[in-house]
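Note that chain A is present in both complexes that follow, paired respectively with chain B and with chain C.
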Partner chain A sequence: MIWVWIALAPILGGLAYGGERVLRARMQRRQGPPILQPFYDMFKLLDKRTLIVHAPHALLALAHFFVLWFSIAAIFLGWNLLYIIFLHLFAQILLILAGYSVRSVYSHLGSNRELLMVVAYEPILILVAVGLYLVSGSFEIAEILTRDHYLLQLPLLFIALVMIVPIKVKKSPFDVGEAHQEIVGGVEIEYSGVFYEFLYMSRFLEYIFIYSFVYLFGGESHWIGAVLVAGVFLLVNLVDNATARVRASHMVKIIYSVAMSLAVLNLLGILL
Partner chain B sequence: MNMVLALVLLPIIAAFLVLLVPFGRAQYAVSGAVLALLSGVAFALYNSFGIFTFQLSPIMNIMIVAADVVLLLFFLYQGKVFNHPKVMALAAVQLVLYGYIESIVPAAGTAEIVVDELSKFMFLIINGVGGIIVLYSVKYMEDEPTSPLKKRLFIGALLVFLSVMNLIVVANSILLFFFLFEMTTLASYLLIAFRDDEVSRANALKALWMNQIGGVVILVGALIAIIGFKTVMFDTLLQSSGGMVLFSIALLSMAALVKGASIPFEGWLLGAMVAPTPVSAMLHSATMVKIAPYLILKLSPALAVSMVGGMISIIGALVFVAASYLALSRSVLKEILGYSTVALLGLMMALAAIGSEESINLAMALMLFHALSKALLFLSAGVLERVHHAKNIEEMKGMVSRSPKTVGFILFGFVSLTLPPFGLFMGKLFAISSVASLLKEHPSNLIILLALIVGSALMVLLYFKVASALLSAPCDVEVSPAIVIPNGFNVPLVLLSVFIVIGALGYIMMQHNIFVVMLALPMVFVFALPAIVRRMDRYDRSQPYHCGEKEPFDAALVYYAPSEKIEKIVYWGFGFLFVAVAIIGAVS
Partner chain C sequence: MKFFTPFRKKSPWVLHYNAGSCNGCDIEILAALGPKFDLERFGVINTGNPKQSDIFLVTGPVTYRSRERLVELYSQIPEPKVVVAVGSCTTTGGVFRGMYNVEDGIDRYIPVDVYVPGCASSPQLIIDALVKGLEILEAKSKAIEKPFKLFGAIEMIGNKLSRLGMATKVEQHEKN
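Moving on, here comes the complex of A and B:
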């Protein structure tokens, strides 16, 4: 059964992405696209003529997608959180190298920013893992989901996690990575056709990745987990509609000063 | 015991051979044979059991004392010749202290030489990695614009240095350790000054005076050990308790901080980058600076539960973050590598000073994998310098089109330092869970955990920033035919890469954890991908999009430099912490 869910992960993420576009449209009093739009996009992209810059660049997008999928599978199988975080880091590095491997200003700028994003959220993700470990006594997701009351003990850490969600799903105020008006999509710019489709699907997987961390705070109760995910989903889109993009360097500063302090305060609270 | 003797004597014999045989094939043969023999012996020793001890005869002891006095007099003389008051003062202080200690040194004690598990592990690093660097230096020296005799002396010096290193990791007497410690200082001094220009001389003198601070604290530590416990042996000292034992241990660990070039002493290691590349690789990243974590590991039984140990691990952890951050402002490749060495040495010392069984094993694993990866990176940097005359990462833009192979080695080095399933990454990963498991008993470990997490993130930024320079090519560069890398360089680099892969495989298998094995799958997949997806030529090629601009593009690199004020605070802060180690040792 679990393998079916793993196989369906990109489709689940696609639905989340489609749903989000509908939600945002409604927030702006627009009609918006149908919820299945990401899949219509897929058929369109597969139909297009594929142009590539060079083979390694195109292959790195494939590698990025599959490694990301692997880390999602690890989440569904209930592995060690730290392993999952670093598998995800690996996927990210592949994308960054892809961006650097072509002679395009926008691609390079995009990669620079992706790198800064990694530097910003990585420590918080690990601190979240450590926080969950301190409460539950294990890094294994399977084990973490058998305990309860994470939110009561780790409220500040949860806020820190919510702060980095927009970075991962590329929403304002932290959507520096793609920033269509400035760097024309960043790393994505040199991809087309089937290879772009893989990058597009990676984005769906990112949704599953980061919202799984939110879900973990529900512990053994699926209901709390689901409510948390829905709440954060709404909040992130609300903030996205209401704020402007900050500079990449400010993003790092904000995360390091505010989110990091919250996380550390919370950990100190548990320990002392 | 014979094998240990072989490790000490073989390099010296080889050094004489190097002085005699002509350059070319014969030199390669000698250094290749040395590499094979030394690493073979080291590997055999590593797999053998038991602890060997060896007592030095009185005559040998007298010879060591004489050599030590000559060495210190040489330092004094160098201070006078180059008019460097700090060098002179420190050498004079050491002479006086050493003379006094020798006059009151207790006659009897345990054996001066003890070969334990830690020493055997160190042999593996010293001879394996060191041997490869010697092999590389043959080709490197061939192209050095200097007299043939000096070239031979250089390779000979590297070999003698291997023998010194093999001896230092078995020294049980603090005084013998001091002598060898000073020998490594001498090696640094002579090899940094090798090119004999103004900058080299200044940096060599800097290395000399800073490292002599280490010598002074070792002597004071030995003095306290003699007065308090009537011993100059590490093992007896570590078994003693009460009194001033922690003060003595604290002073000895301060020597480790100096040798490990922790901030504020990182200046000597960065200055060492003016020397020929094999020096940087051998002394300042792969082997010699490993004395620092080695010494802390040796002292860890006493450090484990004490305030001094806590202090050392906090300093190490903070150095890890601070040095990674400072590296972001640098643009010379070797300096960047130097800073990251300082940072990782800090991490190793932090883990060693925690002193739990798990963290000690991790510190050792980090030492081995760091030595392999850093040697690979330094030697590749040397290739870029020699073959392509590029030192600064700004000059290396687009290097991938000119030297794809070298860039491949460098990228592999970076990946092996940061990503699963390679050893150094695994070490960091296990370190996070190990430190996290200690949090509940010792909340102060939160500082180490935070430093570990943030420092690792900064290192990712650092390495892949350099990667961006290597990969980005300005449009107007004509595609020049790739320059062939000579085999004298190629073979050592390939050997190191193979060792990194084998090391990673071995380390994964040692964990007996199926999930850790699974962690390696994505890397295997990525390397296999070009074989899986073969027909890439069915897709049409296109030019990158430039928004209609025709201007050649030049991707800028990111630098982060702290303001002068912050830098000052950092240096004073670390200076204060360094002194605090001694103070805490004295009061506890």
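Moving on, here comes the complex of A and C:
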């Protein structure tokens, strides 16, 4: 049964992305695209001619997608949290390498910014894993989901996690890595056709990745987890519609000063 | 593949290029994308990236400096693709027709599928033109489409087509 969910993970993420586009349109008083729009986009991309810059560049996109899918599978199977975070980091590094492997300036800029994003959110993810470990006594997701009361003991850490969700799903104010108006998509600029489709699908998987971290704070109660995910989803989209993009350096400063100190304070409170 | 062809008209991604326009038509295009007319309900995204686009929206009479960019952007869009000429200047040259520094419309350089009249053309007309363009897009094959005038050359490297040198060379050439 769990393997079916793993196989369906990109489709679940696609539904989340389609729902999000409708939600954002409704927030702006628009009608918005149909909820299956991401799948229409994917089918259309299959019917386009593909322009390839060079083979490793195209293959790195594939590798990025499959490593990401593997880390999602590890989440669904309830493996070690640290292992999952580092698998995800590996996927990001493949994408950054792809960005650096072509001569396009925008692609290089996108890679620089992806690196800055990794620098910003990775410590918080690790601190979240440490916090969950301190409360539950285990890094295993299957173990973590058998305990309760994470939100009562780790409120500040949860706020820190919510602050990095916009970085991961590329939403304002922290969408520097994509930034369509400045660097035209950054890393994904040189991709087209089938290979762009893999990057498009890996965006769906990022949704599942980061929202499953939010879900972990619900503990054994599925209801609390679902409510947390829905609440954070609404909040992130509201903030996305209401704010402008900050600069990449400011993003790192904000995350390091606010989110990091919140997370460290909470951990110190538990340890002492 | 035959199965995927109907989905072409469900997610047209748009590339918008200003070939020396006065910004009137550009504002109308952005108005059509905005909340009131909401082109996104047809699945339209303004990508800004030729390699991921299906529909090429061009505004402006082609000025001398924007010619090679126009041809390069056109040649970088993967097939199937549709070109929509938005506004009087883009279709015929408009008030600039016959001037020394413009090229009287884009159809001297690239094949145009839909012409939109008006100075500036209204968002309703642009939406109609896009919907018309979608019908053409669905009927098109994936055969390679070339611009009428190349500033570079399309080369074959091995058995692969290279678009790298398509618009690199800029030469002095007489107006016709």
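Heads up, the rule we're going with is that the second predicted complex is superposed on the first by the 272 of 272 C-alpha atoms of A that agree within 3 Å, B and C clash if a C-alpha of one lies under 4 Å from a C-alpha of the other, contacts with A are read in each partner's own complex, and residues count from 1 in each chain.
What we mean here is this: contacts are C-beta pairs under 8 Å (C-beta built on N, C-alpha and C of every residue); 3 or more make two chains touch, one makes a residue touch a chain.
All values reported here derive from a predicted model rather than from experimental measurement.
By the document's definition of touching, neither partner reaches A:V246: not chain B, not chain C. When both complexes are overlaid on chain A, the residue A:H54 reaches chain B alone and has no touch with chain C.
Residue contacts after overlaying the shared chain place A:L23 against neither chain B nor chain C.
When the two complexes are overlaid on their common chain A, residue A:V264 makes contact with chain B while staying clear of chain C.
When the two structures are aligned on the shared chain, A:I126 is found in touch with chain B, with no touch to chain C. When both complexes are overlaid on chain A, the residue A:E190 reaches chain B and chain C alike. By the touch criterion defined above, A:L115 lies against chain B but remains apart from chain C after alignment on the C-alpha atoms of chain A.
Between chain B and chain C, the partner in contact with more residues of chain A is B. Shared contact residues on chain A (touching chain B in one structure, chain C in the other): 49-51, 184, 189-190, 192-193. Across the interface of their complex, chain B is touched by residues 49-56, 58-59, 62-63, 66-67, 70, 74, 79-80, 82-83, 86-87, 89-91, 93-94, 96-97, 100-109, 111-112, 115-116, 118-119, 122-123, 126-127, 130, 133-134, 139, 184, 189-190, 192-193, 264, 267-268, 271-272 of chain A.
Against chain A, the residues of chain B that register as touching in their complex are 411, 415, 418-420, 425, 429, 432-433, 436, 439-440, 443, 446, 449-450, 453-454, 456-458, 460-461, 464-465, 467-468, 471-475, 515-516, 518-519, 521-523, 525-526, 529-530, 533, 536, 539-547, 553, 555, 558. Per the touch definition, chain C reaches chain A in the complex via residues 1, 4-5, 7-8, 10-11, 13, 35, 38, 40-43, 47-49, 51-52, 54, 76, 78-80, 142, 144, 163. Within the complex formed with chain C, the residues of chain A that make contact are 21, 25, 28-34, 37, 40-41, 43-44, 46-51, 180-181, 184-185, 189-193, 196.
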